[in-house]
Amino acid sequence: MTAFPLRVGGLSWQVRLRGTVLTLAGLLLLGLLMALNMRLGDIDMSLAEVVRATFDPADAGHFVVMELRLPRALTGALVGGALALSGAIIQSIARNPLASPEILGVTTGASVAVVAGVVLSGSAYGGASGLFSAVGIPALALLGGLVGAVTVYALAWRRGLDGYRLVLVGIGVAAVFTNVKYWLLTVGDVNDTGRAMVWISGSLNGRGWEHVVPVALALAVLVPLTLLGTRSLAALRFGDDTVTALGVRMNLSRALMIFAAVLLAAVATASAGPIAFVALAAPQIALRLARCPQPPLLSSAVIGAVLTAGADLIARTAFSPLELPVGIVTAVLGAPYLIHLIWRARK
Amino acid sequence: MRLQAAGVTLGYGERTVVENLDLGVHSGTVTTIIGPNGCGKSTLLRALGRLLKPQGGEVLLDGKRIDRMPTREVAKVLGVLPQAPTAPEGLTVADLVARGRHPHQTWYRQWSSDDEAAVGRALDMTGLADLAERPLDELSGGQRQRAWISMALAQGTDLLLLDEPTTFLDLAHQVEVLELVRQLHREASRTIVMVLHDLNLAARYADRLVAMREGQVVAAGDPHDVLTEDLLREVFDLDAKVIPDPVAGTPLVVPIGPRSRP
Amino acid sequence: MTATAVAPRLHDLRRRRFLVLTGLLAALGLAVVLSITIGAKSVPLPDAWRALTDPTGTENDIVIRSLRLPRTALGVLAGLALGVAGALMQGHTRNPLADPGLLGVTQGAAFAMVSSIILLGAQSLFAYIWFGLAGALLASVGVFALGMVGGRGGPTPVTLALAGTAVSAFLYGLTSAIVLLDEQAMDVFRFWQAGSIAARGADVVWQVLPFIVAGLVLAMANTPGLNALSLGEDVARGLGQNIALTRAVGVTAVTLLTGASVAACGALAFVGLLVPHLTRPLSGTDHRWLVPYSGLAGAALLLLADVIGRVVAPPGELEVGVVLALIGAPFFVALVRRRKPVRL
């Protein structure tokens, strides 16, 4: 891959051309999709109307744009970016293209907690609605995700953290969580099951500013941190012996990067549910487009955001007025594209 | 002629590495291919061992096209050891060597007394009998390399292709491996083709040297005839003195420096 | 040490391997006995034996012959199939995360089943299973075909794994959409998803039997080739192994085994993910032993989990998938922690 040096005074960076172009193009596409997301809905607006509605509180569309469409579009993009970044980190550390936050117990832990909340509270108690749905579910998801991650981490830690052992422990813990989730789905009322399924699939329906803020904060803090860690992550790809030889403080960098990945996935999942496949597919798509050996972090995040924003557009408008959970569309949209990329690379 | 490349063109995808090359390997000889990095010597060896299908031309084993022969039949006659092979973690030396018997085994004949004898012989010959139960990843580089050669020996072929069997080894272990090769050649008159980097060792242990550059054979023949100061300049861009090896009498290369441009 | 001195060591190893094999067979035998005698209505062993050999139409006889026997048979078949398929899958992909449903088998079955419910109004379990099996086979063939395109010598493991994951995600998306829109499909799907071998009946056992037997035969035939492949493609080719053929046979075996099991018992493919990690320390890297060990261990585990599921939550039952995960996974994690994991 072509890289050129960028030097300012005594500082120097390596800028990778293809990755940079990819990131910029992705951001452009993301802007386009967000604009479309703001325009289309029950009431279609022109771009000029959207702009007017945004800045003029007296405008009839102000509420729709500022309170409904903008926060939802932002939640989608941010959550997609956070999940993809988390996936890129985990795939680099596990040195395994099949790894995703599921391996760290985050998304599965969150799913169990939420399904338990929805199914066990049951329709008899008014079901999952009102305050419970607005505050309780994200809180449950966050708690479940963190508990899941701590479980995996604690069980995998043994005089240091071995990437391979982490993956194996992750498989075991994920199996427990997933099957408990399946079981919970069978004991509840079929209506509650349906509601829980929507959440497990990942949905952006009715997401407001309260969903935007936590993800935005997490990204604002963690993106710079993880980017600083990129170089040690590149070194982590080699075997443990090589890593130490390259002068990376292995356990510390690995622990910090995993911690960042956990937080990103947990916050994202709390906001929108475990949106399927983004964390796994976006890094793989990014590394194929950027033609580099391991998932590029920033490009992965941008591609995750694009994938989620695009999927949400389709989820909202394709079967209007019926709305699909966005996670269903990310899988149906992202999978063929990834297959296309794999296919192209084989020729 | 045991093994022959007739007008082969070799490459990976779009990239052609070797073009229209001819090479013959005589029965019962040790042939060593030398050449600078990227000259196509490993590619040629892979093609001779039918690991790589030629884009043009053909490889003949005992006069028959190797790609038309059943691959299992080929494996009973010809053993290939690729460069830096990897084994699954925890595999023991005995297990690795036993896997060399693969081409002789079928579902109704999984472990015959022939297999057992061949594995024992191969371990003995390479001096690994005492290490048979040790996992491969606990061995030193030299021992590991001997284990892989032992696997190729257990295959029981009289034709062996070795791709840089001495990589990563210190000088003592390099000599050890090459002495093993010589012993195999002398005792059982096996035909051996190998790729080597060290010119002096190549000259000492080969009956025939093949020098390659940019996918072409530049010279082939007795080491005395091939390893000349002119050839070193032409093939390796190296200015060197060639003197008789005080031990073996074979040519000994003493480098002076990179080729001086006139 | 001379050539003849190596031989006793090899004999030792073989004896140890047969010993492990015997131990696993005994465990499976015990599990079968427990599965036939224990349940909502416990039947003493002599009565159970009489029911099998000389039935007289008593209540016990009916329980055992029409309920317990098919249930046990299905458990043995599915456990064998999933354990074997898991060992093959991880061997071919050299990836510890590979479960036998990786090639789209599980999600193919799920999608075909829910589609048959909404499109054709399929009602009986028997009908679902045919659809599930067809879906599993189609998805797997599709993934393999995707991996085949372009490259020579067959698809690489990484391509296969990624293509399989992508196809699975795609099908899962479609399945989710269907079950969210159709309550009846959801009701069937959620129970299928939890995985169970209860109330399947003898006809289901006969239905999946040929597929699983064929899969097991192919799997065992595949093991020497897999051993050669584990030394790298070049070495394998040098040993006279046809790489593309070996992979194709392996994929076919995995598809038959997993497809038949998940169609009949639900999303239990994770059994195949865990079991080989449990048996690998016993067998080492030799697939000729790892594969049968995994099959026997898978069957014994599945049956034991099913028996436990019958008794822990009376009067109801816990689905076998849930019990397996709750018991098998902690055991698995403990093992991973205790030993240095055996890498692929």
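So that you can tell them apart, the chains are marked A, B and C in the order they are listed, and the count of residues begins at 1 in each.
The definition used in the following text is that a contact is a pair of C-beta atoms (placed from the backbone, for glycine too) under 8 Å apart; a residue touches a chain by one contact, two chains touch by 3 or more.
These numbers come from a predicted model, not from an experiment.
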{"item": "Topology of the chain contact graph, where touching chains are joined (line, ring, star, complete, other)", "value": "line"}
{"item": "Chain at maximum distance from chain C, centres defined as averaged CA atoms", "value": "B"}
{"item": "Chain whose Cα mean lies nearest the overall Cα mean", "value": "C"}
{"item": "Centroid spacing, where centroids are CA-atom means, of chain A and chain C in whole angstrom", "value": "32"}
{"item": "Mean-CA-position distance for chain B and chain A (Å)", "value": "51"}
{"item": "Computed distance of Cα centres, chain C from chain B, in Å", "value": "43"}
{"item": "Touching two or more other chains - residues of chain C", "value": "343"}
{"item": "Interfacial residue positions of chain A with respect to chain C in the complex", "value": "96-99, 103, 155-156, 158, 162, 164-165, 167-169, 171-173, 175-176, 178-180, 182-183, 185-186, 190, 193-194, 197-198, 201, 276-277, 280-281, 284, 324-325, 327-332, 334-336, 338-339, 342-343, 346-347"}
{"item": "Residues of chain C that touch chain B when the two form their complex", "value": "1-7, 9-10, 152, 220-221, 224, 227-228, 230-232, 234-235, 237-242, 284-286, 288, 342-344"}
{"item": "Of chain C, residues touching chain A in the complex", "value": "95-98, 146-147, 149-151, 155, 158-159, 161-163, 165-167, 169-170, 172-174, 176-177, 179-180, 183, 186-187, 190-191, 193-195, 267, 270, 273-274, 277, 318-319, 321-322, 324-326, 328-330, 332-333, 336-337, 341, 343"}
{"item": "Chain B to chain C touching residues, read off their complex", "value": "46, 49-51, 53, 70-76, 79-82, 85-92, 94-96, 98-100, 102-103, 105, 107, 110, 116-117, 119-121, 123-124, 129-130, 132-133, 152, 155"}
